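Think of it as A, B, C, D, E and F in the order they're written, each chain with its own count starting at 1.
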Amino acid sequence: MRFDEAYSGNVFIKSHPNYEESQAVLYGMPMDWTVSYRPGSRFGPTRIREVSIGLEEYSAYLDRELEDVKYFDAGDIPLPFGNPQKSLDLIEEYIDQLLAEGKFPLGMGGEHLVSWPVIKAMYKKYPDLVIIHMDAHTDLRTDYEGEPLSHSTPIRKAAELIGPSNVYSFGIRSGMKEEFEWAKEVGMHIYKFDVHKPLMEVLPKLAGRPVYVTIDIDVLDPAHAPGTGTVDAGGITSRELLASIHEIARSNVNVVGADLVEVAPIYDPSEQTANTASKLIREMILGFVK
Amino acid sequence: MRFDEAYSGNVFIKSHPNYEESQAVLYGMPMDWTVSYRPGSRFGPTRIREVSIGLEEYSAYLDRELEDVKYFDAGDIPLPFGNPQKSLDLIEEYIDQLLAEGKFPLGMGGEHLVSWPVIKAMYKKYPDLVIIHMDAHTDLRTDYEGEPLSHSTPIRKAAELIGPSNVYSFGIRSGMKEEFEWAKEVGMHIYKFDVHKPLMEVLPKLAGRPVYVTIDIDVLDPAHAPGTGTVDAGGITSRELLASIHEIARSNVNVVGADLVEVAPIYDPSEQTANTASKLIREMILGFVK
Amino acid sequence: MRFDEAYSGNVFIKSHPNYEESQAVLYGMPMDWTVSYRPGSRFGPTRIREVSIGLEEYSAYLDRELEDVKYFDAGDIPLPFGNPQKSLDLIEEYIDQLLAEGKFPLGMGGEHLVSWPVIKAMYKKYPDLVIIHMDAHTDLRTDYEGEPLSHSTPIRKAAELIGPSNVYSFGIRSGMKEEFEWAKEVGMHIYKFDVHKPLMEVLPKLAGRPVYVTIDIDVLDPAHAPGTGTVDAGGITSRELLASIHEIARSNVNVVGADLVEVAPIYDPSEQTANTASKLIREMILGFVK
Amino acid sequence: MRFDEAYSGNVFIKSHPNYEESQAVLYGMPMDWTVSYRPGSRFGPTRIREVSIGLEEYSAYLDRELEDVKYFDAGDIPLPFGNPQKSLDLIEEYIDQLLAEGKFPLGMGGEHLVSWPVIKAMYKKYPDLVIIHMDAHTDLRTDYEGEPLSHSTPIRKAAELIGPSNVYSFGIRSGMKEEFEWAKEVGMHIYKFDVHKPLMEVLPKLAGRPVYVTIDIDVLDPAHAPGTGTVDAGGITSRELLASIHEIARSNVNVVGADLVEVAPIYDPSEQTANTASKLIREMILGFVK
Amino acid sequence: MRFDEAYSGNVFIKSHPNYEESQAVLYGMPMDWTVSYRPGSRFGPTRIREVSIGLEEYSAYLDRELEDVKYFDAGDIPLPFGNPQKSLDLIEEYIDQLLAEGKFPLGMGGEHLVSWPVIKAMYKKYPDLVIIHMDAHTDLRTDYEGEPLSHSTPIRKAAELIGPSNVYSFGIRSGMKEEFEWAKEVGMHIYKFDVHKPLMEVLPKLAGRPVYVTIDIDVLDPAHAPGTGTVDAGGITSRELLASIHEIARSNVNVVGADLVEVAPIYDPSEQTANTASKLIREMILGFVK
Amino acid sequence: MRFDEAYSGNVFIKSHPNYEESQAVLYGMPMDWTVSYRPGSRFGPTRIREVSIGLEEYSAYLDRELEDVKYFDAGDIPLPFGNPQKSLDLIEEYIDQLLAEGKFPLGMGGEHLVSWPVIKAMYKKYPDLVIIHMDAHTDLRTDYEGEPLSHSTPIRKAAELIGPSNVYSFGIRSGMKEEFEWAKEVGMHIYKFDVHKPLMEVLPKLAGRPVYVTIDIDVLDPAHAPGTGTVDAGGITSRELLASIHEIARSNVNVVGADLVEVAPIYDPSEQTANTASKLIREMILGFVK
């Protein structure tokens, strides 16, 4: 019984109680206001934490335990409903502070647009930044029906900021023709349909580089992740996604931050997507935070 | 078989094929970007239309049939995802045009904030406008955590525009203390918990006045409308809500427009809320469009 | 941003950060191992807290705000899976400590058997204890198919401990013939089907007495609380249950503790039961903790 | 352990093992092929039996136990998928045999059209037959878009067979204008919206008459029975329906058979409708089988 | 805003407004009255169209856009509920007319029996017709418990009409022993379990032949298509099914018509099956309509 | 029509009516009281039987029909709710009797702890017993937070009883570090992630040995079995699991009993897991009972 201090309920399993001592910080970005199809990812971080109680603390893949890593679950960043610009500004400030204090940022979305301010902050610290992006969708639009702040645009914005040749997208199976053409023109790297195989080829070339890994849960086939805004048939298995995370973990790249976005619990009646996401977060903690 | 013209699929049952000849226009306002709790009402209008095929065309309450009224289902107003201000502007323009062309506007939300631009447009045409508002919530906030464009604010904005004493809220059971106090101070009319009984007292006083009726589906108890963003126990039955609509229909007020908002299909696995909403729309058409 | 202290995530809205300063303590009893029908109430407390973010902090019924009461959400009592006796012992010890420290105990189940050790603890402190019990079921069995530790027995155990004439059950609509006969014989008070009306008659007789209020959510009709283990048609509305809580709050009895049990989120796809339960908890805090 | 005889699994709770000795026979009619909206009631009888294990065997309303009545659950009548006429013929033969052997027939649908052959069989034995019909819908069509075998026609067929003045419909809130007009013309009795109150007026007039009771679960409001094909807002509560069954049970009419139809489990994620239906079946057994 | 013409709501994304100018016609066959297990596919076409708004208009597989093909979504063929023979006759007439007017027919079921009248119509125009059939089930029964019009019979009827050696079934994993034996005897081609690999061997042999492609969504594993009447474990992935469609698209066969059947939305709470089906329809349009 | 004998409803399809004549007995063990995460597997056996009506009776994999095997579905063993020890004792006695009477035991869980008393009984008859265990989890704990009777312990208990080197676990992807270390130390065989490939290597070494096969449905990926207590991403497909069962069936080991556990219907809204489980049971009957 713990009566004499604040109860700490819904945090990811084995979260470290002390921010200062932690290497990494886990945080939620509960924003879904620009999605063009099915909203609901604002509740992703809460549900991922909730189901994390069903996880083992040990990874049979990486032979490492959660207590080997000090990470602090800081909860959700409070974001103003229906105000995309202000939300993005708040996220950027938040990451600025985390980076200034030497923490490894590990974010949970929310819609994919939340990755954009994170990447902006990362790039200020790591001018040589590389992005590894796993997703069903290109996310390379300049705008969605006139709106530049849209969940279909973050990788475009990122590519224009850090240079298209520093962006590697994997598992892509949907997008506008123009997006694929733009990527080709400017030298951005798109690997269609597969993740693990092209990743194995790419990773050696990135040795030593600072890498930000952004994973849209819909890179998984709908069979493996029905609980997301925009399901898209023909995706990879959770087994391939786990193997891909492990491939990065064992490579010589320098992972400096990561996120997992677009988990929408209301489309997940069996909670399988949330459970899968919580396992992915565990593997990202164990694999990326050295 | 109809090969030689455009197929008209998802419209409300018995929608008239011709806009010009129609007295009333039914339209969707698929916006849910400012909600502070559970989004999803953007899909409300589509689902309400879809299940309308299960409706009888005759009302045993009003002894009137849908073919006795000419109404045109104009579909959803295309609204920019994640941009509240522009969405509201588009709705206002839309209603301006409907009113200019002499149509009775009957809207389906979407979140409750969509009623605000409609009321603005109505007020331009009807300076003597009265609002009958049925809802679980006061919706009288000035802002939500700093955001003035929020689904918790439309009745406040309306009351300030048309004069608080012209606004009658029924069935209210939730709100901030400040909201109730403000209403009292400025002379706005709030009837807590009940709808039908206070309505019977109020209606005679409004005889001859132009009235806009705005119904948030959550005025119903969660038992009767689980499929909405913010369910709130202790509400009225669908039977009381039907009786209230009929009470207005039979009164001497001049209903000049109406809406039904906040149906969120994803929280409605049995589709009962959508079915109930489609019956309410039928009764609003048959009762309000003379 | 709060980096320098433990994040306190999943607590009931407006929970006070400090145990010592609090008048009341809210705690979960996540046990469902003896239920004879549908399990799942172990997740009730977590989900009730989660959805409490959708609540207003003000009660329009009682004209009181949550910040007027200091209550501390202590989280769930860790209970050993599949071991009823040890679980009950842990709960009793927990309540003993709460009472020794002068706190008002407000519990969330879990199955109804969790009320039994709470009542044992209450009775040690209040030998004149009265129980107000709202439920669809008598819960007066001596055992369930030979098992004395069963969710169908807590009121029997309580009645035998504190004297049957000190137990008042309301809203009962199901039980074995023998249970009703036993109650009659020993002078226990069972009011069938209704809650509010008989309660109004009973309360004046209990003026000044210490009262423990135990509410099984299934006293509500399945329409109002589908998310519970044993739904039973013919129940009361959430409106009647709210009114009954308010009736107690305004009476002259001395409420010394309370619980709300049997919320099972997995049978609650729209989360309506959890939302209703969280509103009931708010009203119990505002009405019972003086 | 029972190794030496056939296992009898999915039967209604407390079903008597022996057909010959039984007064009543419970049977399923798993047909849903003519429904015009949402199919799925073919699985109603199986699910109603399955959840009956959650029932108490005693009725606190009628003070009677299931073991006081000998009824045999004969399982579902095997009906040919997609062949309405042959299905109806098989049902009629089945009931003919039951009646010849002096059994009280208690049926579970399936769609409402299954009541038609039952009524035909009843009428052969009871030329003075009266029908008490509880439903949201008139079911008085001659055909549905040209098909005379439709779930919207059984009461029309019945009224034409046994004489419209012998048919009493309660709770009706939907139908075509023509249906209401026909009923009026021919002297059929339709009581709109309510069940219990008009029933109390009607029952004394039917004293001593043989009565067949047919209940469409959708007479209940969707709040009380979401799991049905055609939900229709504005219905009665399960409490009113229970009271109505009890009113008949205590009256002087001679109930000679009954059915409960249109439970569709797939629209019933919380199983509340199935649980309610199983309680209704229990009360029909205890109330109607003398 | 479009006020002056009929609103065209629920059509597949990018449907061409004009029938005459279109090469292909998309139509629904909302019939499910003969299914022996779980009904509900009548709502398949509507839901597939509804979710098509979430699709990209470009195929990253075929490098082709929807606006490169003129196809007209003609809506659902109105079919009489519960009357299989008349329904099949109406479908056959409908296809006769489409073919007479030179349109490519692309159908959405509904149960698989709807393919039978389509194939009859196709065969009248293409006496050299070949059928490529992807399914979990043989569908080679002569009847289902005596009913010759059953969803388990269409391929048998087709094989007997066009000659068994012209029918190629892929992915089959369920059927009666007699069905497999019959196929073997008469020279029909059944490829068990796999689709893509045997298809690559078969396609070259069919070069230049007119081919009708009929896909039962249950050829997919239940993981990839839970929303269907008869799920059957051990199926292929959506990735393999997409690849198979593309294999046909790139081959030298002459696809003259196609359908996708058995999507049942009510068994698809996350809408993943409907979303997958809508992507398959897009690929069939882009791949088959030249 | 079958009026003169007990109706035998919910049994697995083609269950033999006579126990004495049967080679195998199918039985349910509806216990879930020790699970540490999501309960609900008590309803697994009932639902598996219910959906078995959708199965074909012939296996296209094994070319064998259900009527070729005499198996008797004995229903569920009645187990006392919330009393693990007594439940396990009852199961052990039950299996003792089955084995004494020469029956092949085929069990359906319930939680995995139910396999422990079965294995105890098997070991008494077969001292040379080998266990083939397919699961996501090691299940090698000595206790769960102090409770030795837990669903996380059965394989540990079994390994200690029959000797760790006689236990082969496949598909394992989760467990505590200590569990993997213990297995290694004592010579238990754990094959991580895969099932079919290592099984092909192991089976020849077990030729002639008596083997008990215990399958936790969560060895499947959540995509293939969402309806279970503890889903864990990265699992095998239903196709691999089917192939593994067939591999055992075709090998030279002597399968002497088997079970399939942890199907939890409430997490299975599309019933895909139950349907898959019923197919697995069919293949286990056809493959294991010679």
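Just so it is clear, a residue touches a chain if its C-beta (ideal position, glycine included) is under 8 Å from a C-beta of that chain, and two chains touch if they have at least 3 such contacts.
Source: prediction; values computed, not measured.
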A-B compared against D-F, more contacting pairs: D-F
Option in A-B, C-F or E-F whose residue-number contact pairs overlap A-E by over half: E-F
Rounded Å distance, chain A centre to chain C centre (Cα mean): 41
Distance from the mean Cα position of chain D to that of chain C, given in whole angstrom: 38
Per-residue multi-chain contacts in chain E, two or more chains: 38, 221, 223-224, 267, 269
Touching pairs among all chains present in the structure: A-B, A-C, A-E, A-F, B-C, B-D, B-E, C-D, C-F, D-E, D-F, E-F
Partner chain A, residues of chain E touching it in the complex: 53-58, 60-61, 63, 65, 221, 223-224, 237-239, 242, 269-272, 275-276, 279-280
Complex contacts: residues of chain F adjacent to chain C: 32-36, 38-40, 42-43, 78, 80-84, 144-147, 149-150, 266-267
Chain B-touching residues of chain D, taken from the complex the two chains share: 37-38, 137, 172-177, 180, 192-193, 221-224, 226-227, 230-235, 267-269
Chain D to chain F touching residues, read off their complex: 1-11, 15, 17-20, 25, 46, 49-50, 72-75, 77, 94, 97, 101, 269
